[in-house]
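Both of the next two complexes hold chain A, though its partner changes from chain B to chain C.
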Partner chain A sequence: MIVVSYPNIGEYERIVYNFLNKIIDNSNCKILRPEKNNKKILELGEENSPTNVCTPFKYTLGSMINSLNKGANVIIQIGGGCRFGYYAQIQEKILKKDMGYKFEFINLYNGNKLEFFTAVKKVKMLNPRLSLQKLLKEIYFTIKLLRFSDNILTYIRENECYIEDKEKLQSIKNNILNDMLKIKNISEINLKRKECEEEIDTLIVEKDDVLKIGIVGELYSLMDPFSSSFLENDLLKKGYKIKRYTTASYLLLDKNKSEKKLLKDSKQYLKYKIGADGTESVAHTLELIDEGYDGVIHIKPFGCTPEINAMPILKKISDDYSFPIMFYTFDTLNSDTGFQTRVEAFIDMLEMRKK
Partner chain B sequence: MRYYVGIDIGSISTKGVVIDENNNIVASDYIWTNASPIDASKRLINSLIKKSKKEWLENIYAIGTTGSARKLIGKIIGATSIKNEITAHAVGTISKYPDVSTIIEIGGQDSKIIIIKNSVVIDYAMNTLCAAGTGAFLSSQAKRLGIEVEQMQNYYEKSNNPAKIAARCTVFAESDMIHKAQIGYKKEDLIAGLCNAIVENYTNNFIRGRRIEDKIVFQGGVSRNNGVVESFKSKLNKDIHVDKDSHLLGALGIALIAKSESRGERISLNIKDIEYRIREKECKGCSNNCEVVYIYEDEELLDTIGNRCENCKSNI
Partner chain C sequence: MKIGIPNALFIRDKIIMYSKFLNYNNIDTVISSDTSLKTIEDGVELATSEDCIASKIFLGHVNELVNLYRNNYLDAILVPRVYKQKNNIEGCVKALALYDILNNIFRDVKFIDVNVDYSKNITYFKSLINLGITLGINSKNRFLGAFYALQEQNKFEKNRYMKQFENINFKKKNVLVIGNEYIVNDKYIKRLVISSLNNVNIIFACINNKVNRYKNISDQVYFANSINIMNGVEEYIDFADACIFITGFPCATDSLVNEMIKERINGIPYIEIMVDENTSSTGIVTRMESFSDIIEGRRYI
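Entry: the complex of A and B
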């Protein structure tokens, strides 16, 4: 019996589950959903990673170890962009050679590239009878699902500050999260999209004077709430308008197309790409300034080189526009207090400036 | 007349003030935290009560807490305002120096810079990750040299040939200092070197890339050390103001914030002389797995810190 698992990031685990559920052969393959990131996972990852590796490596490794302990015997990992391109190779070595786990490791990426047919061959391990046609169909569906959930959750994020009925909103969100697991076909997605949008629009009550904060930085910290001490949720709870550009659908589907434009928009500060999402951090900050946001919080895990590249440029932007930008670096922190103190002070400052 | 209380519970010291309606400090105290914020707050509050007139205590309208233990102590004493120390320091200093434009603050385990324009904070920075270049470093080195941290400035004045000590990292600084001591530097030269190292570290961390303009106010516990003040003056080549209450400005700030947020109800200042028990536990009530601090007053659950929902209270 194959028990397949994969590392976790935010809520996207649900979409991966949905996809795998459709392509595996249920008679000899089971999916083990990874746990949400938590302290135990972080500790597992920290213990077995090189000390100075970037924090997402530790999270994903911990997540894999946790799944292996629970009985998984196939692990899927991807990679690409920055050091992320070498995660899979190193993690495979750590898990198999250092820790002695016996399992099949499927690395969908070959170095920094996704070679489609090699990847298909690897996926077929889960279900030898899977036809290419079926696979393509499910990939298409998954892209649609990813778009749907990202779009609607982004819409909610940007409008949550205008919604008073938090209970109703929570139930809408929970429904979407459930749908990510269960939804079956594209017409259902279309139906859901309409339904959700209408429901949310009825809840929105416009108001002025909402503090607007953009969040930029490294993708894993941005998309996984636990690894950024639930920054986004805490800000939303306090009633601020939050904008974040980085989503899985952006990274996987739109990034290649939009990078040129981003570079052009920020040509005053950038002549060439600075790796991974560093370019985005700079370009999006400029965009947020343009849109009249009050401040930007830049977060990155320890050792993230592309974002380290972006930081001095952001500092310059902050000076040029006298626009407040807060920087914070996460490592395997055990206490949120220091971070919360800085965020609180930053917001106090934004509010003072606004007055 | 109405009175307000501000308490600043830092990592090294705990400060408290009672102010009147005109923002004058009428009672204050400064004691060591000794890594036990609850005990320190008990001692501090009892001392404030002793120093205050009965009439003041009957007319307290708000209590604020700040500093790294602000939430814990705030919940125990029922504070009306709980705010971070960066804002508190800015508010406190602006109230005394409306024309301030740079606040240099060096406390027990952190140091910060706050840039102000027209009485509004426009930029700030705080040291990250490590306590190099803070009061904790000075006091641990003082202990190594066998003197009280309060005496350091006397030694600074005597030095003619300060030892050069690496500023970037506490561990390197310490090995530097041991080395310099072993090759025969005098105590006063070592201490002067330490004071310079603090300033060096601070300028490396914070001032680089920032324009430092007058008026500069230096505060926090380390500002009581004249050696560091002198070293700052010569390094920045600017006048540095140190308030006579420079160690209390955080407490003053939080008292002022509490005053502005006061709901106009009387509140009593006391901390019961009973055992408060703290327990930290990972809550399993939902998938957030919050690290929750449970505060027990005797055996009764008083409050929790760090939870993102209410599940943890029914799920102990």
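Entry: the complex of A and C
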């Protein structure tokens, strides 16, 4: 029996589950959903990773070890730009040669390239009878689902500060998260989107004096709540308006199209792309200033070069516009208390400026 | 006209090409001096605390040129940018942002950028032509200058490659030193790490991205620096009695490349030396002396 698992990243794990559930052969394969990132996963990753590697490597490795310990015998990993393209090869080596796990490792990328037909061949291991037509159909559906969940969760995030009925809001959120696991076709997605938007609109109560904070930075820290000490959730709970641009649908579907616009928007500070999401951090900060936000929090894992590239430019923007930007770096030795203290001090300062 | 060129980071590797192109067109060049403790201190002050040591050294070099610019000794500073190279190979992520970072740190200084991006058909030749256009050089001299500069660069690279082979000495223990060119060949770091290795022959293997031998170690790497290091390992490891990997803290790719090459190096003494601005020479000397003892000790095994 094949037991397939994959590393976790925020709530997107649900969409991966939905996709795999539709393409596997249920008689011979089952899916082991990865645990949400937690201290145990981070420790597992930390113990077995190279010393100076960035924290997303440690989280993903820890998540894989955890799944293997629970009985997974197939692990799927992808790759991409920056150091991410090197992850799969090293993780496979660590798990198989250094730790002695016996399992099948499916790496869908070749370095920084996705070779579609090679990837299809590898996916067919989970279901030899899977047709290309069915696979394409499910990829199309997953894209739609990803777009739906990102759009609706972004809409909620940006309006949560205007919603008084938190219980109702939580139940809408839970429904969306459940839908990410269960929705089966596109017409259902469209129906759900309408329902959710209407429901949320009825809950919104206009307020004037809400503190508005943007969050920019590295994608993993932004999209995985545990790896940023639940920063976004904490700020939302305190009633601040939060804007975060980076989502999986942006990275996978919109990023390439928006590069020219980002450089145009930030032409006063940037002539070229500065790597991974560094350009976004700069352009989005400028956009947040235009939109009247009160401050920006820039987060990244330790050693993230593209975001380090963005930092001197963000400091210049902060000076030019007298705009508060807080920088924070997450690592395995991160202290939640220290981080919260800094965030609280930053918010106190923003509130004083607003008054 | 006088243009300054920082002798650090990936620019070191192509400094012949840029200076020959400019000199051919009657533009004087001033190349920043070798790295010193002051270079590092200046760089640390200008850099973001998490920048790698190579970036801090680079900023120190630029700072030296900026001082010359502010004293009217230079008209501009050249800052190349390298993104995609041949065969989809990528330059270091730091290299993508140097021009923009410098423009934001030193707003009063004139920086001239020259971009290489094979995905947009901007080859090294085309980038020199573009540099010529920026500097107002006529088309004939642009072309001739670019041909001449590339020829000189190729000659230099070929000579360097041959010298590396000639350097192998079978009468002594050969120690292979690998790492990014701008770390391994930086005089300050070289002195810090290598000077205490006695009675051994040092082979510096850090530049060669023209062969595909790296694929024996990994066919999934795509950063030029990783490819250079792996090619170096593949070419010289059979002649080596020991290997030293010098890496700058906290180099993003080196942390993973180190894991990939460890297996290939298996069987001979191997040490990874990580350097940053706080590296103590005493600590390094102690480690290097122990490493020398290990190499020497193996003679009796």
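Definition applied: the second predicted complex is superposed on the first by the 353 of 355 C-alpha atoms of A that agree within 3 Å, B and C clash if a C-alpha of one lies under 4 Å from a C-alpha of the other, contacts with A are read in each partner's own complex, and residues count from 1 in each chain.
In this text, a contact is a pair of C-beta atoms (placed from the backbone, for glycine too) under 8 Å apart; a residue touches a chain by one contact, two chains touch by 3 or more.
Predicted model only: the values in this text are computed from it and were never measured.
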| item | value |
| --- | --- |
| Fit-or-clash call for chain B and chain C when the two complexes are aligned on chain A | fit |
| Contacts of A:T329 with chain B and chain C, given as first, second, both or neither | both |
| Chain B versus chain C as contact partner of A:A345, first or second or both or neither | first |
| Chain B or chain C, by number of chain A residues touched | C |
| Contacts of A:Y272 with chain B and chain C, given as first, second, both or neither | second |
| Chain B versus chain C as contact partner of A:F230, first or second or both or neither | first |
| Chain B versus chain C as contact partner of A:N38, first or second or both or neither | first |
| First, second, both or neither for A:C54, with chain B first and chain C second | second |
| Angle at the Cα centre of chain A, taken between the Cα centres of chain B and chain C once the superposition is applied, in steps of 10 degrees | 80 |
| First (chain B), second (chain C), both or neither touched by A:T305 | second |
| Least C-alpha distance (whole Å) that remains between chain C and chain B when both complexes are overlaid | 6 |
| Common interface residues of chain A - those touching chain B in one complex and chain C in the other | 315, 329 |
| Contact footprint of chain C on chain A as seen in their complex | 50-54, 57, 79, 82-83, 85-90, 93-94, 97, 110-113, 269-276, 278, 302-306, 308-313, 315-316, 329 |
| Residues on chain C engaged by chain A in the complex (per definition of touch) | 48, 50-52, 81, 83, 88, 90, 92-94, 96-97, 99-101, 103-105, 113, 115, 218-222, 226, 249-260, 263, 274 |
| For the chain B and chain A complex, residues of the former touching the latter | 68, 83-87, 120-124, 126, 128-129, 209, 282, 287-289, 291, 306, 308 |
| Touch list for chain A against partner chain B, complex | 36, 38-39, 226, 230, 233-234, 315, 319, 322, 324, 328-329, 331, 334-338, 340-342, 344-346, 348-349, 352-353, 355 |
